[in-house]
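Both of the next two complexes hold chain A, though its partner changes from chain B to chain C.
This part shows the complex of A and B:
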């Protein structure tokens, strides 16, 4: 075991140092107001923390008397989440195939992507506010908001998964004289299925969190109740509602993790 | 649960006679400037079994893909049966492709779906798009698929996932996919380069059987000398995109291959010695 002619290991630390320096510099600029950065005043935490601590202390005194009133809005939130995710899933499958290069080599892909970029760049609370104005207070504007939000997320992630996946089977489909639609239906859709299913489950998880907030602008669900108890400074009741949402979110995550494992 | 089918009409043999192939002064220049084929002319009679031999990068894959229009020619003419391939677009191009089966080095199966769906791909050109979209499969198509799978000994796996098969099984399914087109011509692009020697021989035998029993015109790309000699009757040599040999395969000696390869013969040029 004498000296093997092992080539010298290339040095990597100069690159690592350069990357760290760049990240540090960018961070420094972004927190320096003189250079156009944001103001981050850590001293404010020390000066003000006791106000927040007071609220936290109030929240620690859980007020379970709110529980009976939460059942219905919480169920509504869940229903909104499921319906929103289901409608978005139905629309997202063809849209994902149209938005990915292997499954749509033509120019219409750019149009689909452009529209989805617009859909995705509008914040969900803006959708909710506009839709409440258009279709009235209730669960419907909430569901529509969730559908638009989910479409943006699911189509982007699934189409990117299709873009980066191996698509050699496409060549066989073309060589057999298939149209792009035939190839997509019979082979590309099943190939995209795990990515698609996984993202739809993820959108369901997101929906529960988002729909909890949508009530603040009148779009149904538990959010309206959150707004109300906050308005009356009932922090103990607020804590109970948050715990309930936490339980629901965890339950959905556990369920979707189980389902996701079966997708492979 | 093997379902034996009575001989499905039209499935066991090609719809009708094989087609001739002709390339006239074909040049292919890729958008990046690479010239993959340079003034290649050749013609193949109906029912011939021809190998195209050359090193990787010699233009074999490009040549075979000009025949079904997967690669458009820059100049020259390509005729396959009654079709002038270089003039085809859209529906007519798909019609031609429906009559030309093709198998690939990497099998090109959709791994996550069933063997059945993968072979059904071969029926695309015989099926209106709306029927495929709705998932409607006619009895005839189903019978053709089952007969094609049976002819390569893969009928048992019809409902299994394509991704769960071994390499040799995948290539058999790919052959069944091509056969279910009921083609007049069979193209094979390095069909055994990803397979171990016994499986490689089995797949080459399948191709030879397709040629002799169904009488299909077969064009197969190979980089191994012994397979070309053993399984094909005529051999075309490509070097740097130019045709450098066109003659009988069996008597081609090492000197001929050294001329095609442009270098001395090495152990990896044959299946037996390289394995």
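This part shows the complex of A and C:
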């Protein structure tokens, strides 16, 4: 019985070492103040940790007297989230069909994608800050922020779902002599429906989270109350508001998970 | 062709269409909720009508003549934001890996898993801005505070992704290592790590991408970086400077996304693709 030579083990350590070296180098640059890096001040943590602990202890003493006042702003937050998601959903369906290759073979696809890439790369609170300065304090800049944010997310994921969808139905539509619009409406849209519904629900979840802080910059909702109790150092009340947001976020998440399971 | 099919003698009745009633009802309820929310929000129609004009006006102010003299300062502050994002991602990924592995089913008992998962859920619900507000009493209004806020805020989502990834690893290899007499450490090294590593590394890079966006937000409370500048210039209504900042933020974010995305595709290359429904 002849023994076969065992192949040599592939050498992976040079690559691992290179990756580790690159990560270490970037980290070293980012934490060296002399190179413009940020100052990692562990001494401050050692000296001042009790301030943070004190605040956490204050937060642990829940102040439920704030609860009646949270009802209206919380409702406004939820309404902003719903309206933002609905408007974004209405705009996202045509834009997704426009941004996907099978449903829009023409060159205008790239333009839509480029615009949406730009839209997606601006953080939500930056939109809120700018829009509050532009259209004034209130729910309107908040809703607009959510619409812009949701559009970026939903159109990207739905158009990718259309891109990777089973193309045979659309080919059948072409073979039967359908126009692009007919094909999109009768084959692509039904196929994209589950992905679309699931993403819209997901954007609703995100909206509830985001709209909780939009008020910090004046864009309506419960964030305004957060800003207020923080200004008065009412940390017990702050904790109650955070817990309330937590309950709402989890409730929406559970509901949306149930609905999304039905969609698949 | 105009030939028609020969008329069949017997027509088989088509099966009844499935009832659309539940779907219609759901659509109706959803529509009613949206309508009620819209009405109750009381967004003034006059505001809405003036909106396109106002947006156009400010877009012209921002981008018609950007104040390029602010560019060096903007880039410098953006670099601070990116550093916050990097340090926050690194610390966050390390901590969430340490906490996320015991939170996975099959790794540790329920009384370890539940508290950890509860912790992740709570941290997910608390916005980074609030975390930063608590931390800044310890480390002051410094970029380090921003990095720590990103770290702690990131643990919520990243810890969840970590245990979900580990739970999604097929159990066969781990069982084989255990059957061959491997210890817990060896099971982790040879059974779990090779299968989970690409996904975990890809998620770590994704965490950095998210942090780049969030770090710009953290500047709003004054921990430094490009968000600081943005708030300042917006409040003083120096729109030409705001325009430069927005351009810098968009370009830097897109460049980082592109680079990080290319690396992630390389890491996951050859691996199965799946619909990732987690985006922030």
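The definition used in the following text is that the second predicted complex is superposed on the first by the 216 of 264 C-alpha atoms of A that agree within 3 Å, B and C clash if a C-alpha of one lies under 4 Å from a C-alpha of the other, contacts with A are read in each partner's own complex, and residues count from 1 in each chain.
In this text, contacts are C-beta pairs under 8 Å (C-beta built on N, C-alpha and C of every residue); 3 or more make two chains touch, one makes a residue touch a chain.
Since the model is a prediction, treat every value here as computed from it, not as a measurement.
Of the two partner chains placed by the overlay, neither chain B nor chain C lies in contact with A:71. When the two complexes are overlaid on their common chain A, residue A:255 makes contact with neither chain B nor chain C. Within the superposed three-chain model, A:40 lies in touch with chain C and out of touch with chain B [touch as defined at top]. Within the superposed three-chain model, A:246 lies in touch with chain C and out of touch with chain B [touch as defined at top].
In the superposed model, A:195 lies in contact with chain C only, and not with chain B. When both complexes are overlaid on chain A, the residue A:20 reaches neither chain B nor chain C.
Touching more residues of chain A than its counterpart among chain B and chain C is C.
Touched by chain B in one complex and by chain C in the other is not one residue of chain A.
The touching residues of chain B, when paired with chain A in their complex, are 68, 70, 93-102, 104, 106, 108-113, 117-118, 120-122, 124-125, 127, 129, 132-133, 135, 174, 177-178, 181. Residues of chain A that touch chain B in their complex: 168-169, 171-179, 181-183, 185-188, 190-191, 193-194. Listed in rising order, the residues of chain C touching chain A in the complex are 33-34, 37-38, 40-44, 47-48, 50-51, 54-55, 58, 76, 79-80, 82-84, 86-87, 90, 121-122, 124-127, 129-130, 133-135, 137-140, 142-144, 147, 213-214, 216-217, 220-221, 227, 230-231, 234-235, 237, 242, 246, 249-250, 253-254, 257, 273, 275, 277, 279-280.
Residues of chain A touching chain C in their complex: 23, 26-27, 30-31, 36-41, 44-45, 48-49, 51-52, 54-56, 59, 75-76, 78-80, 82-83, 86, 117-118, 121-126, 129-130, 133-136, 138-140, 143-144, 153, 156-157, 161, 164, 195, 198-199, 202, 206, 209, 212-213, 216-217, 226, 230, 238, 242, 245-246, 249-250.
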